[in-house]
Every structure is written in C-alpha cells, then in structure tokens.
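Same chain, two partners: chain A is paired with chain B first, then with chain C.
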Partner chain A sequence: MNSTLIIQSLMAGLTNSFVYALIGIGIAVIYRGTRIINAMQGDFAVIGGMLTVFGLVSAGLPYVWACALGIAAGAASGLLIDVVCVRPMIRRQADDEAFLLLTIGLAFTISAAVLYIGGREAHLLPGIGGNGTVEIAGAFMSVHAIFLIAISLLVVCGLWLFYRKTIAGLSMIAASVDPDGATSIGINVARMRGYTFVLGGAIGALAGILVTPLISVSYQMGLGLTLKGFAAAILGGLTNPLGAVLGGLVIGLSESLAVVGLSSGYKDVVALTIMLLMMVLMPNGLLGKAGRRGG
Partner chain B sequence: MTKTVLNGRLAFAAVMLVGLILPAVFERHMVDLLVYAGLYTIAGLGVGLLLGQCGIVNLAQALFYGIGAYASAYSTVTLGWSPWSGILLGIAISVAVALVIGFPLLRLHGFFLALATLAAGTIGTIFFFEWDWLTGGTLGIGGLPPLSVLGFEFNSPARFYYLVWAVVIILLVLSSNLVSGRPGLAMRALRDSAPAAEVMAVNIHAIRTKIFALSAGLGALAGSLFAHYSTYVSVESFTVQRSIVFLLIPVIAGARSIWGTVAGALFVTFVPELLSGFGDAHQMLFGIMLVLVVTLMPDGLAGIPARVARRFAR
Partner chain C sequence: MALEVETLEAGYGPVPVLRGVSIHVADNEAVAIVGANGAGKTTLVRAICGLSQATAGHIRFHGQTITGDAGHRRGEAGIAVVLETRGLFGELTVADNLRLAEHTGRGVKRPQGFRPFTLGDVFELFPIVKEKLATRVELLSGGQQQMVAVARALLLQPRLLVLDELTTGLAPKVVQEILSVLTALRSRGMSLLIVEQSIKLAAAMTDRAYVMSLGRVVHEVGHGEWESTMSNDAISKAYLHG
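And now, the complex of A and B:
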C-alpha cells in the first residue's frame, strides 16, 4: 500500500474529525447547559445547511448573508424547541427518557419536514475560499477543509473564553449546575436554558454549513451526524468542547484508517465500536475527570 | 369492585368478538395493516417491557427484528429447513446477541444507554447491508414459504391475522403475569429507586440483562413472522427508523401499560395511513403528533382516561 494513499485518507479523516467535533461541541454545549442529550444536533446541521443553500441559490443572497441566514435559522430552531417543548416538560419535571424521546421525535420531524419542503435531492454549496486544493506531502486537501478546521478551532477558543470570561457564559453554567442557587443570586434559569439552546442550534447550523461543500446536505443525514458527534463528545467527556475536538480526531482518523485497511462500508462500525468501548471502559472520556471540569 | 372486574371482562370479551369478525368485514388492505399492527405489538412489547418496567430506552429493536427475519429467510430459502425451526433459530441468535452486547452495555444508564443501543442498532444495520452473502444486501431474499400447521397454510392476510393475533394475546397474557409477579415487582423497584432495590437484594444487572434478552427474543419472533408473512426481506425493513417506530409504540401507548401496547401498535400502523391523504406531508405530521404526545401526554394514550376523570372530578 503506498504512503500517499494513506496520507490522502488521513487528510480526509482530519477534515471529518472537525465536522464530528463541531457536532460534538454542540451536544456538549447543550448537555452542559441543560443536562439534556440532544439527539437532534445533526438536524440543526441539516437546517443550517439547507437554509444557506436556500439563501444562496433561491433568494440570491451573497455568500456571507446566506451563511448568516443558516446560522440564524439554527439558533431560532434551538430557541423554538426550548420554548415550545422543553419548557413545559421541565415544568412538569419530566424524566431523562422523556427528553431523549423528545429530541428523537424532533429529529424525525425535522428530517420529514426538510424532505417535504426541500425534497429528496442533496444540495451542495461552493467552498469557503473557492473550490481550490493545496498539496501537502503529495496529497491534496481542499482550501475549504483548511477553513473548516480553522473555524472549528476558533469556535473552541471562543467557547472557552465565553464560558470563563463572560457573565453570560458563567451564568449559563451556574444555571445548569445548581438551578436553585443560581436563581437565588438573580440568574434567570429559564432564560439561560434558552440561550444554551440558541448557542447549540447556532453551532449545529455552522457545522452544517461547513460540511455541505464537502459531502452535500440532504434530509436524512442528521441522525448519522448526531451519532458521530455524540461519539466525539463522549470521548471528550461530554461537557468539554476541547475534549470534543480530541474525540473527533480519534473518531475521524480511525475511520479513515478503517477505510484504507478494511473497506469503506465498515468505517461507521469502527467509529461506533470505539464509542461503545469508551462508554463502557472510560465513562469520563479520554481526559478523565479533569476533562469534565475543563474547557 | 367485582362489578368493575365483570365490566372489564365483558369489555374484553366484546373486543375479542369484534377482533374475530374483523377480517370478514374489512377489505384486504385493512386486514394487512392489522397484521402489521400485530407484528409491531410483539416487537413493541419487548421495547415496552424495557422502557416501562426498567426505564431503559432501547433503540436497537430493529436489529433483533432483522436477525429473526434473516434467520428465517436464510434457513428456509437457502438451507431448506422448516419455518418453525427457522423461527427458533432466530430467537436463539437474538437472545445470544442480546446477552453478549447487553452484558457490558446495560451497566450504562439513561441517555448513555439509549445512545449505546442506537449505536448497536446502527452497527447491526451496516452488517445486514455488508454481509450480502447472508442477507442478500439491498436485493434481499425472496420466496419464503408460508407458515403452516398440520397442512393448513397461513398464506393470506386473513389467515395470518388470526395466527399473529393469537400469538399477541398469548404474549400479552404472559407479560402481564410476568409484570404482576415477583420479577415485575423487582423491575419496578429498580426503575423507581435502584439503590433501594439493590439493598433489597435485587440483582439489578441480572434483571436488566434478562429483560433485554427477552425483548430481543420478542423482536426476533416478530421479525420471523414478518418474513414469513411478506415472503420477502431486505435491508430497508431493519433500519434505525424502524427501531424508532418500535420505541414509539410503548411511548404512545404509555410505557407501563402492557395491553396498551396494542393501542400504540395500532397508532403507528394506522395513523400514518390516515395521514397519507395529506400526501408528502404525512411523515412530518406524524412527527409533530409524536412530539406533542411526548410533550403533553407523559402517560401516553393510556393516560387519557385518568386525565378525563381528573378533569370531571374538579
């Protein structure tokens, strides 16, 4: 087997890693802010990708504004879900299973709605920075992939600062760690949960916009993305955005090696098996307890 | 109290009677849907036992449904076995697989266990797709023989209707007994307070693993019956979407109600059919209904009588 093939495959794996990481970061943000595992994070990506395609192609918006539309749509759906579904369920103190069923139901509904409104076809977007490629060690990487990685890293840094340095970020964490304590010092817990969903939705939509130029966006891709993102988040210890990047790298790169070594059909088997093993053997993620606190 | 018991028995007898004459009155297509409702009751019953009695969200039921269907298809079409031994083979493989994956995974709880079962189900779908020497891949396996007893073939929707619903009733009775007996008590104890149950010497992990295996066996039985009914199986029937539908059956019905499973199964077979009049929008409408059930009706359809009663009591 020649080394260029392996490098090429690893390069593709690296790009996928950051897609999984971005979805995982969204799951981590929502879990951190609400203690809910969001099984429709991948569908935020579908919403973001689809609305950007709509803005660019059908409405004729400039690229940047189309992206803004996509992200706004993700954020708005996050808010809508919180206000319409999560809030009444919190009020009646629904159990964990009910929230999981809710997000699974929403994933099903959104996928069906996108199918109904947008149709069966997959849609592509032009890459950020054009459709060019650069050569690295004899293998090719698209310029867009480099932008994708850079933007993902920016998001991680931004979240790190947001959760440590801003009042809003700290309040959001406080509201989830100790709702009663947070209320007693004047934090509006319900509003913070709303912000968390807005943030999670926006990050999900961003992931969708960034992945669309690579693999295109279609109505049924949400669940697959959610699972990979969840795998990345679990490896990272679930609350830590930086951990999700590490988890994304493990999943993405092992997948790409599985493609070279086994066959492309088994790449999801490898990724999901790693996730299952991690959940059973290292429930706190690769970074251990420290990873749970950090980020 | 004796009066309510009597009323309950009368209602039960009336439902049975209506059930007996339905295939004679309904057109073929409706009977076909009723057969599917029966199959889904069996698969959903397993998921419901896990959800209602143990608080476990199982998103891997299509995996076991698939194992049952493929075991029947492969053993009858390729190996030429009798259908009944194919069904037993499917149940045996499913239970074995459930024990192997359940033993490590059932140490997890809540969200994590649910997503672990989702991952296991997804891996299963990939293997069904990739092992085309066994499953026929996307082409599937056709030409399964119909089930027969003493030369009587269950080869029409009406005939199969009686077979599948007889099986359903037997299983529902057995499950009710299981749930009202000691195992059920132990399961509910561990669902409501696992530490307290453990103090009472309930072996949590053993019970959860056993119910998972039982659920898998029911899934395989439903899958095998499905294979012999439709006489054709392919990958599309065993996707994660199917697992979600199986999960919805107890959710819609109210997970703790055993007999309610029938209502849940009727809901997931007939409501999409009724909504199909709305054309392409029907899936979306079904999704919205589902979200509404989860958001507004924590006890599912089974909770409606209690709600109505509360409203009038005010």
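And now, the complex of A and C:
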C-alpha cells in the first residue's frame, strides 16, 4: 500500500473528524447546559448552511455577512425552540424522554420545512480562503479544510474559557447542575437555558457553514451529521467540547483507515464498531469521569 | 418586620402541603421552624425563597410583597437560603461557587449602614473554605460542603438568612463551629430563619420557634419559653424529635 495514499486518506479523515467534532460540540454544549439530548443538532447545520447560501447567492451579501446571517439564523432557531417548545414543556413537568422525542420530531420538521421552502437541490458554498490546496508530505489538503480545523480548535478553546472564566458560562453550568441552587443565588435558570440553546444553535450553524463547501447542503443532510456528531459527543463523554473533538478524531480517522484498508462501503461499520467497543470499555467516554466535567 | 408570612398555602403541583401557615421574623431575630418529618417545613422554606409557588396567602419582606416574585429575584431582594440539599454546584470549584454568589450580591439592595460581607469575612468565619478554594465541591466532606453553602449564602449580602436542616448528618464538632458562626452573624444584625429537626439545637440557635405539623403551625414557642417547651412531654411526643 502506497504511503501517500494513506496520508491522503488520513487528511481526508482529519477533515471529517472536525466536521463530526463541530456537530458533537454543539450536542455537548446543549446537553451540558440543559441535560437535553439534542437529536436535531445536524439540522442547525442545515439551517446555517442554507441561510448562508441564501445570503450569498440570492441576497448578494458579502461572504462574511452571509456567514453572520447563517450563524444568527442558527442561534435564533435555538432560542425559538427553547421559547416555543422547551419552556412550556418544563412548566408542564415533562420527563427527560419527552425532550428527546421533541428534538427527534423537530429534526424531521426542520428537514420537511427546508424541503418545502428551499427545494430538493443541494447547494455548495465557496471555501474559506478560496478553493486552493496545500501539499503536505506528498498529499493534498484543501485550504478550506485547514480553516475548518483551525476554527474548530478556536471554538473549543473559546468554550473552555467561556465555561471556566465568565459569569455567564459558570451560570449556565450552575443552572443545569442544580436549578434550585442556581435560583437561590439569583441565577435566572430559564434564561440560562435559553442562552444554551442560542449557543448550541450558533455552533450548529457554524458547522453547517464550514461543511457546505465540502459536502453540499441539502434538506436531508441533518440526520447523517447528527448521527456522526452523536458518536463523537458520546465518545467524548457528552458534556465536554474537547471530548467531542477527540471522539470526532476517533470516528473520522477510523473511517478513513477503513476506506484504505478495506473498502469505502465498510467505513461506517468500522467506525461505529470502534465506537461501540470503546463505549463498552470506557463508559464515561475517552476522558473518563473527571473529563466529563471539563471543557 | 423582616419577614411576614400570612395564611400561606403551597405544595407540589396539585398536592397541597402548607395549609394557611402564618409566621413572622423581626429584624435581627432568630426564629426556628421545628416539627417532625413531613410537617411541611421544607415546603415553607421553598415558598419563602420562591422555589415553590404559593397558591394562596402573602409573603412580605421588609414591607414589600414578594409572594409572586420569581425565585431568582428573592436573592436580589436580600433573602439567602441554604437548602437542605445545599444547592451547591459539585462540578465547579469552591471559588467558582463563591464567585457566582458574589456577582449576584453586588446587585442586592442594601439598607443604609449595612456592612457587606467580603471574601475575607467568610474566610475568617470558615478558614477551611479558603484552603479549599481550588477544590471541586463534590470532593469535599459533608461538613465542608455545608460551610461552603453558608459562605456562599453570605456573599449574597442577605438581610434574612434561611437555613434548612443545616446540621443534619454533621459531626458534633462541625455543628459547634456552625453554631458559633450563627452567633457571629446575629451580632451583625442579620435575621435568621432556621429549620431544625432537633429541638435542642433549635433552642441553642434561636430566640423563639414555630412548631409545625401536617402543613400547619400548631404551637408557638415564645421568648424565654424554650425550657418549658422542651420539658413539655405532650408537645415533644406529639410533634418533635429529640
């Protein structure tokens, strides 16, 4: 087997890893702040990607403003879901399973809405930094993929600082860890949950914008992204954004090695089998119990 | 008057627990709520602190009606609580738990002459809290957690401190330490409302008490009446432990 082929495959795997990681980070953020398992994180990506395409192509906005529109749309969707669905359900003392069912239902609803409004067509965005490539050890990586990895790492560092150093971040953790305790020290728990959905929606939309130059955005892209993002988040312990990156790397790189060693048809089987094995052997995720509290 | 509760009714969802409870706490007074398990003591605390909504009756704090105010507004008004569950954030450090309360405490309305609690003040009251600043709360012992919970409540700059079952499960030495802190707090003019199962501890900590049973106040222990109440077998057997 040719070493350049392996390096090329690993680079593709690395790019995919960070795509899964970005979705997983959003899932981890929402779970950490609300204890809700969000099965529609991939659909925030669809909203972000679609709105950015709309801003760039139909509204003629500059690329940066179109991206801002996409991220704002993801954040607004998160807030809307909290205000319209989650708050009334909490007032009616809904169980945890009800929220999972809600997000599954919303995933299908958003997919259908995007199909109705935007049609069946898939759309591409130009890559950040153009469509050029960079040669690394005889293999090629797109400039956009390098930006995607760098932006993902910036998001993880930003979240780490946000949750550890800011009153808003600490309050969001406090509100989910002990809502009564948080209320008793003056934290508005409902508002913190709203902020968490806004943050999760914005990260999801950012993921969509970064993915759209690699795999075109369409109404049915959400579910596939959610599944891989889930795998990454679960491997990372479900609450830790850094864990989601490590989880994304395990899934993405094992997929790429499966493509080289076996065939592309087996990549999901290999990646998800590795995930299952690791979950059995490390039930608290790659970072262990202590790592679940980090990030 | 610091706190006035009038004919209060509250519960969990449709299940009523409090049935017309009336109590009051004067400025700089320490009052106990005593009673057996299931008497409604914790529900009363939760209603006063806005964690359970009152279905009837009134709660006034320094003359202002706060019955319908959201729970997070009660802290801003000057009521701090140490919940039976402590309400600490186990995965955060002691420093972060204190920092969050300090942040809210800066916005609390303070009467003229009120000397705010500083981190230095709470470290003086609880030296162990200073030593454990960088430790995650979930790694502390029960007694240490309770001290962090009281320290955190003080940083909210309360005029009324509500303590729910503060001493339950703690070693006698820790209980003594907390008792001496409560005495120090009273010397600073703070009102205290203390829920306590042990009548002996309640007598040591407070001036007077309300005895609760089945969601009602069934007896009042006035100033100077602790001795006679503790020796009254009929009251002790009917409503109290220890």
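Here is the rule we use: the second predicted complex is superposed on the first by the 295 of 295 C-alpha atoms of A that agree within 3 Å, B and C clash if a C-alpha of one lies under 4 Å from a C-alpha of the other, contacts with A are read in each partner's own complex, and residues count from 1 in each chain.
By definition in this document, a residue touches a chain if its C-beta (ideal position, glycine included) is under 8 Å from a C-beta of that chain, and two chains touch if they have at least 3 such contacts.
Nothing here was measured: the structure is a model prediction, and the numbers come from that model.
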item	value
Clash or fit, chain B versus chain C on superposed chain A	fit
Spatial angle chain C-chain A-chain B, Cα centroids [nearest 10 degrees]	90
First, second, both or neither for A:146, with chain B first and chain C second	neither
Touched partner set for A:173, first chain B, second chain C, both or neither	second
Touching partner for A:185 - first (chain B), second (chain C), both, neither	second
Contacts of A:6 with chain B and chain C, given as first, second, both or neither	neither
First, second, both or neither for A:83, with chain B first and chain C second	neither
When both partners are placed on the shared chain, which of chain B and chain C touches more of chain A	B
Minimum C-alpha spacing, chains overlaid - chain B and chain C, in Å	14
Footprint overlap on chain A, where chain B in one structure and chain C in the other make contact	none
Residues of chain B defined as touching chain A within the complex	51, 55, 57, 59, 104-105, 107-108, 110-112, 114-116, 118-120, 122-123, 126-127, 129-130, 240-241, 244, 247, 251, 280-281, 283-284, 286-288, 290-291, 294-296, 298
For the chain A and chain C complex, residues of the former touching the latter	93, 167, 170-171, 173-174, 177-178, 180-189, 293
Interface residues, chain A side, partner chain B - complex	37, 39, 84-85, 88-89, 92, 94-98, 100-102, 104-106, 108-113, 115-116, 223, 227, 230-231, 234, 263, 265-266, 268-269, 272-273, 275-276, 279-280, 283
For the chain C and chain A complex, residues of the former touching the latter	13, 49-51, 70-76, 80-81, 83, 85-92, 96, 99-101, 103-104, 107, 136, 152-153, 156
